[in-house]
Amino acid sequence: MTGFALLQAVLAASAEAPAGGSGPGPGAVIGWGAGVLGVLGAALGLLLYVASRAFAIKTDPKVDEILAALPGANCGGCGLAGCAAYAETLVKSGGAVNLCGPGGTAAAAKIAAILGVAFDSADRRVSVLACRGTAQFAPAKYEYSGVRDCRAAALVHDGPKACRWGCLGLGTCAAACPFGAISMGADGLAHVAEELCMACSKCVTVCPRSLFRLASEKQTVRVACASHDPGKETNRVCKVGCIACRRCEKSCKFEAIKVVENLAAIDYGKCKNCGACVKVCPRGIIVNWRAARKARKARAADSSPAQEPAEAAS
Amino acid sequence: MSESAGTPGLKSAPPTAASGFPDQWLVSSSPHERSTESVAQIMWTVVLALLPTCVAGVVVFGWYAGVLIVISAAAAVAAEAAVQKVLHRPVTIGDGSAVVTGVLLACCLPPNCSWYVPVVGSFVAIFIGKQLFGGLGRNYFNPALIGRAFLQFAFPSQISMPQWPIVTRASVFESVTGSIFKVAAGSPGGPDATSLATPLAQIKPALPAAVSPLAALGEPLNQDKLDTLRDLFLGNIPGSIGEVSKLAILLGGLILLLNRYINWRLPLAYVGMALLAVLLLPVKDSSGHWTGLYAAERHWDIIGETLSVHLLSGGLLLGAVFMITDMVTSPTTSKGQVIYGIAGGILVALIRLYGGYPEGVCYSILLVNAARLIVEKYTVPRVFGTRTRKS
Amino acid sequence: MSFGLPTFPGGFHPPDRKAPSAGCAIAPGPMPERLAVSLAQGLGAPSRPVVAAGDRVLRGQLIAEPGGFVSAALHAPTSGQVQAIGECPHPAGLRANAIYLVPDGADQWAPGTNVPASEDAVAASKPKEIVEKVRAAGLVGMGGAAFPTHVKLSPPAGKAIDTVIVNGCECEPYLTADHRLMLERPADIVKGLRLLVRAVGAARGIIAVEANKPDAHERLLREVRGIEGLACRMVAVKYPQGAEKQLIKALLDREVPSGGLPMDIGALVQNVGTAVAVTEALYFNRPLTERVVTVSGEGLERPANLLCRIGVPYKALLAAQGVRPGARRLVSGGPMMGLAQWTADVPVLKGTSGVLVLSTPPPPDWSACINCGKCVESCPTYLMPNRLSKLGEFRRFEDMAAHHALDCIECGVCTWQCPAKRPIVHWIRQGKNELRLAKLKAEAAKKKAETPEGVLPQ
Amino acid sequence: MDYLRLFFGVIFVTNFVLAQFLGLCPFLGVSRKQSSAMGMGVAVIFVMTLASVVCHLLLRHVLTPLGLEGFLQVSVFILVIAALVQFVEMVIKKSSPGLYMALGIYLPLITTNCAVLGVAALNSANGFADPKQFGAIDGLLRATVQGAGGGVGFMLGMYLMSSIREDMEGAPYPPSLKGFPIAFVITASMALAFLGFSGML
């Protein structure tokens, strides 16, 4: 309030000038106006300066820098409550810099530069569904009536699908995807549009069957089944489920694929994406994803609305 | 998991063991049976309840009033269908809610307004008041009243007519024109709109002299008080199509009450509080002094008559029975309904006594609509088992 | 409606549809080729089998012991050979094993069981002995929840039970098993009640009967007349009058605290079936091997009240009573709170009060809530189901906790009445599940955060 | 009585958001959650009252005596309000980081909140700073009451608005309406309702 007192003093000293006569001339008005504004500006500036000192908060500039490098989608894909929380955690306690799905590799590289840590620019990750049990191949065990949500349906006798590992097809993942990358196909399965996927992992957490996982784009050979049931039981409920026949295991030259708990599993540390297992799998559930994508694109170009054939064949 | 695999031959066989079994059982979460009552049934019942009111409107004002009602309802249905088509939603005109909106809107229009007024109003009501929010059940304001408030704003001269139409039987009409209903600003001989207040204002000059308001209303027609009262009740007065006949409105209200589609608390609180507020709020008399019905020198009969004029004129009862009770926009808690009604009642009285509009019902309900969620939030019932135990 | 009778605020009266089976006297149920005694009778810990495949067992012989405190013993429902212990579909959708038993047709009781005890011996038994016998007989609540009876009879120190209520309301539509029991065995019900009152040291015992069963009320009234501390009260016909908390509210005007148990307010509620089972256990040394099951519904040709062995598969009941074409739903329990089944291979449990075959088609697609308020008005726990259903619809399950979703008893009053056909209970069930999972996750995260590693994976 | 009429008049009849459509930016921006709406409301009440007082004092005791009230008042008001808001922002950032986070970018927006400038201008237009019409104390009190009332009216609008928007979180209205468009529709509906107050007082 020193500014205000100063102003009063100035005013008191010059009070008689404009007050006398019928009114100030144009020159005087401009002069007084400039003076008042100047003094006021100076006083308020001083006030703000003092206040900024008195109420100063120490913030790490790195947090703001990282925040600027993040896309600001606040999707929570990193597992924290929004971008600000991620930035703060990175600065305070460190952690992996590539957890931001929407920001992708670019954001990760920027964050790594800001924090001065090394970052192997890993390739893009996308969400993949580990089930090919369409309504045709994996029938329902009952007619379901209720909330159209997989998590709700799973509460009623484990969901309508006879296979207790398979995709329920009620679209909870599609509703949860903030980027519109998942759509429910007419075949009763969720389909991920890889180009739209930001790897936020919302679908991974929301699927009651945990059928999604974030896979590196490099890992082109993938197992599209999640059933740990023994072969006989799987065969009863699904025509395209892993029956643990171990043919893939035998076909692999790199010992990269093993049947563990009745389900083929690929060790990507050893896998060379040769595709030998894809060829031998009798159920067509080991998928060469790149080939499948090519086939799908070709089909899209043909714009034929045909049902998805076995992608693995290609 | 895998350990459960040990008993071959015990796996469940497909459920075809006995005759008569369906291929697949229908499975849902409990309960497994539902009532047969549907939303459409509720809405069509409301239409049925509005029917006496519409009939009364046609009887009082002639066939054109009926045409307006039909136009309004048809426009509402057409608007609903068109908007739903454009927005790629399932078309739900069969549920009757658009008809309710259209008819309700027509009920608060003057009987001689142009045909396009209800068309515009219905479209605004359905499109802005309802479909933009997602359709029936998702709107926060009564669509018909949104339409009506929009019309008041867009076509003031059509809504507040300088000349209200002649009723079929000339009775209190000439007396009440410009009295119970305020005439629009600038009409020849009519007082300035902003300085004029609603029914009480018309009766105001009579107040200091302790003159009966009913007698004052009936005087130009050489009608006695009882006839005036009867006309007010039966609808032999000027006004909006649906608001004139209180008998018809009460009949509709009875239908809704018996079907339990409205709760008695809400209309009662609304009307009761409106009248109480009229009784208690001070107004300026012609000499500029603040006075009111509560003043000591009033006689009971005059107080009673003034209140009955307030009750029976304007849209208070129409609003109380059909509008403030609208399921979608009113609170569901019992306590909330009482508070909601009371708030609405106070607002009606405020707007009637002090406001710039002739009638406060429409705005009072829109205003409480805006506060509905807050009222509900603070009147959520105490959950079972959270009472401190009686020792 | 019966005015002036004790009841609770809220609730409603659905068409009760009890007529088809109400007049059917309790008849013996079918004996199938194989019984499946599920090891998970209630929601507590599954029982531990004490027999192995190939063993010969006699009726009433212990075949599984309790797997924990909240768990009950299982006894062979008839004499025969244990075929296997393996997976079996469960009415509640649990993944549980069952003991498969092939009856030998002799139905021979095990030694020591089915031996009448003298009136004096029973009268001399101490409360502890009663509880022990109840436990040994494998008694559970037979109204549906199958909560072990001995647990209810053993309140922790400091919690005294002053009133025992025997629940004969049977407010669910279709079900008449309790009604028939009250008509045919009123004396055993009263005997059981007296034992329960003694077991917990209560001051009084009340039998509650809904006013739509005046014949049962009259018979029970005759039985309790002159017995000090016992009463038979008529309560209003209203659903869910037979829900434990609502019944206590109606009779005693006490509210079970949110998240609490009836014993917190000095009350104990047992089903009439349980009361009869207590009498059987104490006076005849018969473990729980059978129960009365109402088999009814429009999809059934011959509705009946059957005295079924525990472990009878539903398909045996359906085959015996005849399924009509057009049957669509198979429900375990009543239509309001019962569990729909996807296979008729599920066996009768100790808590199975009814097996219904309904022809109810799926409801039309639900639409937006129109706020009619019926659910709010009739919710017996005074929740706002309209609000909860909106939160469910919009997948805002985390907001459900603030709207007390966890207090919901899933009685179905809201959903049955909803004119917009909204699956309110289903949403609330999902919400409860999501809240439970979120709590687990939060606890796990808290544990993780307490480790010095920080919260991010490295 | 006059003060009361002034106070309630500016809350209901000439409500800044719903009757004069001032300050819509923070009104729409921060009304998504009730808690942050209330925080914003409190901040606006504070800033509006303070701005009314300071601007009134400047106008009455500096600009008017100098004959500058005509052409300089808007510039001076903007200067004062901008400085004040920054000051408030600093105080909130220090004293209540949670509130600061909730208000987000909208707190600096009060700087350019036309409602704040509006109340200062309204005070001036009502002649509260004119010595010929109102006494020194009377004028100051009126300006203060109008400022506080304006803030309360703003908060009332925010409260109603946030209750509705919180409820419709997740509702399936057309995707093109998500966010501001639907908020504008609600604002329009509420403004229609507030028309009912017009002509009162």
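Going in written order, the chains are labelled A, B, C and D, and every chain counts its residues from 1.
As a convention for this text, contacts are C-beta pairs under 8 Å (C-beta built on N, C-alpha and C of every residue); 3 or more make two chains touch, one makes a residue touch a chain.
Keep in mind that this is a model prediction, so the values were computed, not measured.
> Identify the chains in contact with chain A as well as chain C, in label order.
Looking at chain C and chain A together, the chains touching each of them are B, D.
> More contacting C-beta pairs: A-B or B-C?
B-C
> With centres defined as the mean C-alpha position, give me the chain A-chain B separation in Å.
Here the centre of chain B sits 48 Å away from the centre of chain A.
> Quick one: chain B and chain D, Cα centre-to-centre, how many Å?
The separation of the two C-alpha centroids amounts to 33 Å.
> Can you work out the whole-Å distance between the CA centroids of chain C and chain D?
Using C-alpha averages as centres, the distance is 60 Å.
> Two or more other chains touching the same residue: where does that happen in chain A?
Counting only residues that touch two or more other chains, chain A contributes 141-143, 145-147, 152, 155-157.
> Name the residues of chain C that each touch 2 or more other chains.
340-343, 362-363, 395, 423, 426, 429
> Return the residues of chain D touching two or more other chains; collapse runs of consecutive numbers into ranges.
167, 171
> Take each protein chain as a node, join two nodes whenever their chains touch, and name the resulting shape: line, ring, star, complete or other.
complete
> Using the touch rule from the top, collect the residues of chain B that touch chain C in their complex.
Where chain B meets chain C, its residues are 4, 6-7, 10-13, 15, 17-22, 24-35, 37-39, 41-42, 92, 95, 134-138, 261, 263, 327-330, 332-334, 376, 380-387, 389-390.
> Residues of chain D touching chain C in their complex?
Counting only chain D, the residues touching chain C are 167, 169-171.
> Residues of chain C touching chain D in their complex?
Residue positions touching the partner: 390, 393-396.
> Report the residues of chain C in contact with chain A in the complex, numbered from low to high.
Within the complex, chain C touches chain A at residues 93, 340-343, 362-363, 392, 395, 423, 426-427, 429-430, 433-434, 454-458.
> Once bound in the complex, which stretches of chain B touch chain A?
Interface residues on the chain B side: 1-2, 5, 8, 11, 24-29.
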